[in-house]
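Some structures are shown below for you to check.
One chain, chain A, links the two complexes that follow: it is found with chain B in the first and with chain C in the second.
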Partner chain A sequence: MRKNYGPLYAAPMAAWMILFFVIPTAIIFSYSFMTKDMHGGVIYEFTLSAYRALNNPTFFKVAFNTIWVAFAATILMVALAMPASYYMARSKHKNFFLLLIIIPFLTNSMIKIFAWMGVFWIDSGLLNSFLLWAGVIDHPIRFLYNTNAVIVVTAYTYLPFAILPLYTTIDKFDFSLLEAARDLGASKLTATLRILLPNIRGGITTAVLFTFTSAFGNLAIPSLIGGNDSYMLSNFIRHEFNIARNWPLVSSMSVILTIMTTIAVLIFMRLNRSPVEVARENREAVNKPAGSTARAAGTGGAV
Partner chain B sequence: MTGAVQSVLGKIKGIMNTGNKPTGKFSLSVFLVVLVFLYLPLAILILNSFNASKSMSWEGFSLRWYNELFFSPSWVSLWKTFGNSAVAALTSATAATVVGTLGAIGLYWYRFRAKKAIQIAAFMPMLIPEIIIGVSLAMLFASTKLPMSLFTVILAHTTFNIPFVLLVVMARLESFDFMIIEAAYDLGATEYQALSKVILPAVFPGIIAAFLIAVTLSLDDFVVAFFVAGPGGSTLPVYLESRLKLGIPPVINALSVVIIAGTVVLAFLSRNIVKYMFHSNK
Partner chain C sequence: MKGSQVAIQNVEKRFGDFQALKNVSLDIKKGEFYSLLGPSGCGKTTLLRIIAGFEDPTAGAVLLDGRDVVPIAANKRPVNTVFQTYALFPHLTVFENVAFPLRLRKLPGAEVSAKVEQFLELVKLPKEGKKLPAQLSGGQKQRVAIARALINEPSVLLLDEPLSALDAKLRQHMLIELDLIHDHIGITFIYVTHDQQEALSVSDRVAVMNEGEVVQVGTPFEIYESPAHPFVAHFIGETNYLSGTVTEVFRDKHVRVDFPDIGTLIVYEDKPLKAGDKVKVTVRPEKIRISLDKPASLAENMNLLQGRVDELIYSGFQSKFFVRVNEKAQFRVFRQHVKFYMDEKAISWKDEVYIWWNDNDGYVVEVGE
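And now, the complex of A and B:
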């Protein structure tokens, strides 16, 4: 039997992740239960005050705003990405279209944000110039520095992250299944909802996970595009870290941010289970065989 | 300018019409909306980089912003942070590619204790918000009295790059037949020979893709570098954020065009990274 080199191959990575991920995460978790030192850092005395400090209306407002921005931007992205990637996958020119999505995908986010500052800028920005020219408004509007602007720019920044995984899954989908469904009398909508969607769950999961997590913890967009009333958790963390130097509070907020993301991810993955998984769970619950899916597929093949 | 736009639009329309597969009008129109949404802000930015005016209203063609960007002493600090970004990206991508590729081989082909735990620890950073990585590493460095510098940025970037390298290289390994390596062993190859002569050449496209993704992620990062960069170690996004808080200097249009040009070249080179990065195994 050959020597098992697995641990040897994995050792550098394991060491790196322990040193620079596991330990720092443990530090944040433990600091969140400690007493604040005046000049940054902590005093090693157990207290829950960093969590008690979160129990105030400002924090709740910021937390709610963070969820809202991430949720709205994700919905916007998926709503645009699904039809767009479907079109790309069915097109004759998919490689060219793919390139058109990869370019903004690789474009630096700071440049994307800068580009939108130009679109939203009050003094002869694109949108104001257009609306003034079209006569819709008679004096410039302040588009920047509010929550809606943050949502639009977040959706813009991460839209390619939603399109690419959806495109790769839809590209593998067997489109003749849709034609079969139509031949059997299903409407376009029914065929899409009951045949296409269940088959591209993997892509939807990846798209939502990428976009939601990125939107949730983003700092650059709310800090450049948002205003004082569109503060997100990351702005709060930055402020407490750099200005107030309250490390326990920074830590407790980071713990809450992590827990909120994890819960959102788990809820989503639960909602987005495949019919097979749901069937398996039902079978385990009721202890009854669920062969209907396989039988339906068999009939489809015979037709 | 309008002529160019029209000819491009005409071309796109031509491409759309030649598709012979049945595609819905709805998905086509959403796709066009997406393209306009993605490219209009960038197009305006490119146009403005050649604008003679300091404001955004068009006052004629000029290269003054490019001249200022490359030759004015007031933008020397920008180029310094640009250099920092390049150094951080290349170093952290190299380190992450080496560590992550070896890790992927170990996790994919072997069974051993703690394998599951290592896998979770290595993939987790991808799922938690980046700001947590930045803050927690800043606290680690401060607690261990490691002074913040460009070096700490490199350590942090390597950390968030490793999961992506792991993902991409493991995806490549999935399409690879282990029998080939068994054959190498049967023919008397040592582990080192098997690694350097068989495994690495076979996963090489995956390694290149992983490296390119790591470079891109490092160049793109603002939030982690913001927390862990020390004096003189600022990266370009950190510098840009501090400048853009005060306004939108037209020189940044010129800088953006230079970077976008680089991105287009990179996009041509790395079209296949998508299939490794977003390949789904479920």
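And now, the complex of A and C:
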């Protein structure tokens, strides 16, 4: 019988993840239960004070703001990416459009943020100048330094994270299914909602996960584009780390953040299983007593 | 269910510079099992898509029971399609796939269940409702696609090479079932195929297409036995072609044709001919008899030739002989093994043989200058 070397192939990746993710996370987790030292660092003494300190209005406000920005930016990105990816997948010039998406993505993100500041600037910024010239407004508007600006720039920055997975799944979608739906009496809208959307679910899931987690952990955009009331958790953590030097508090926030994102991702993935997966699980549940061991051995050898 | 009469009137279809359909006109009767037969790329799918409403014709009209349906959107036509690749919705169960058209019409649940069960019964899949398409075999998917296309009770069912993804045995089986379903529900079937066996075995009538044109319409018998066009003779079954000149026209619908490589033969006159016409004649290989011995007595209306076996292919139920006559012409001759093969006097490679056929079995397919 041939040996299955599968786990061995994943060993480098596993080593990397253990070194740079599992161990640091474990350190952060343990620090969050320790006592604050005066100038950074911790005293190895167990306490729950870091978690108790989280119970304050500022933290809740920042946490809520973070969720809101990530949520709004995600909605915006998916809403923009969906029709764009559809058009790209159906176009004859797919590669050209892919290039258009990827080139700005490769540009340094700081440059892009400063470019947006140039667009939103109150004194002779691009947008204000245009609106004044067009006569839509007669006083410049303050676009910068608020949460909406953060949402727009975040959505702009991470848009390729939504477009690429959506494009890939729509490109693989069998468009004759839409014709079949039309043939059976569905309008164009009904065919899109009832046939296209359920079948590109995997792409939507990936797009949402990528964009939400990116927006959630964002640091530079809220610090440069946002104002005082658009603080996000990353800003808060940096502030507490650099200025207040409260390492246990920072660790406890990170733990809460990690747990929250993990739970959100798990729930989302659970809700978004494809019908094939659901059917397979149901069947396996039924077959458990007799079939499961033989099946596991069979697939293990083949993979 | 009631079938519709379908009239295709002078339909043309252009894709840019390319003309996919050239002036196609067909009259399909109520409840007919009508086949469109032709080689790959001849425009069969295009014509079907125009009837279904997925393409607009560049010119011409499509009438259903006398009403022009070209301006009507695909989802409003009383026409349903069985797609070549099934096009089952992968995220819906078999039951929900078949129920899809009823759900669109927002019928009450009990009515939906009853109807879906009735149609799954019709295609012999009563127990598979809970499965997903990915869990079905090719033949089962095909049945689901048929049930789904029929449940709206269309007056015309379009089938685009519905069996081409199945293996030969299953194809035969499904074909018989399609025929039974057609007899059972009695609506008009328009069946696209490039497989002549399929078209000939179940159709009421067949339209043979080539390069965007309809070259002949007829019953399977007419198409096979009296091809009106060299393309049809060539495309349907294997055949022998002979080119010659008419030398004499008899009063009983036969002509004498002189073939430079073979000699003179008598041929059935299925189109008006006169002496001097250059003609192309076809004789089906299975209509030719072959023997080692010269037949002792031969009816007067037989053409007899002598030749030598060039090549011999044994294929189970029959043998194919390639017989060279006068060094220049070659005839294909098929002989069915009616008796146990070993009992027959075996004809083998290089044997001198006699071949003969009834003069009614030679047809003129083309008249030249």
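Methods note: the second predicted complex is superposed on the first by the 259 of 303 C-alpha atoms of A that agree within 3 Å, B and C clash if a C-alpha of one lies under 4 Å from a C-alpha of the other, contacts with A are read in each partner's own complex, and residues count from 1 in each chain.
Assume a contact is a pair of C-beta atoms (placed from the backbone, for glycine too) under 8 Å apart; a residue touches a chain by one contact, two chains touch by 3 or more.
Only a predicted model underlies this, so the values are computations on that prediction, with no experimental measurement involved.
Contacts of A:195 after superposition: chain C is touched, whereas chain B is not reached. When the two complexes are overlaid on their common chain A, residue A:185 makes contact with chain C while staying clear of chain B. Residue contacts after overlaying the shared chain place A:177 against chain C, while chain B stays out of touching range. Residue contacts after overlaying the shared chain place A:10 against chain B, while chain C stays out of touching range. Touch counts on chain A: comparing chain C and chain B, the chain ahead is B. Judged by the touch definition given at the top, the superposed model places A:96 against chain B, while chain C stays out of reach.
Shared contact residues of chain A, touching chain B in one structure and chain C in the other: 201. For chain B in complex with chain A, the touching residues are 15-16, 18-24, 26-28, 30-31, 33-35, 37-42, 44-45, 48, 55-57, 98-100, 102-103, 105-107, 109-112, 114-115, 118, 121-122, 124-125, 127-133, 135-140, 142-143, 155-156, 158-159, 162, 166, 185, 191, 216, 219-220, 222-223, 226-227, 236-237, 240-241, 244-245, 248, 252-253, 256, 259-260, 263-264, 266-268, 270-271, 274-275, 277-280, 282.
Interface of chain A with chain B (complex): residues 2-14, 16-18, 20-25, 27-28, 31, 40-41, 80-81, 83-84, 86-88, 90-93, 95-119, 121, 123-126, 129, 156, 159-160, 163-165, 167-169, 188, 201-203, 206, 209, 213-214, 216-220, 223-224, 234, 237-238, 241, 247, 250-251, 254, 257-258, 261-262, 265. Residues of chain C that touch chain A in their complex: 52, 54, 73-76, 79-81, 83, 85, 87, 89-93, 100-101, 104-105, 131-132, 134-135, 148-149, 152.
By the touch criterion stated above, chain A contacts chain C in their complex at residues 174, 176-177, 179-187, 190, 195, 198-199, 201, 274-276, 279.
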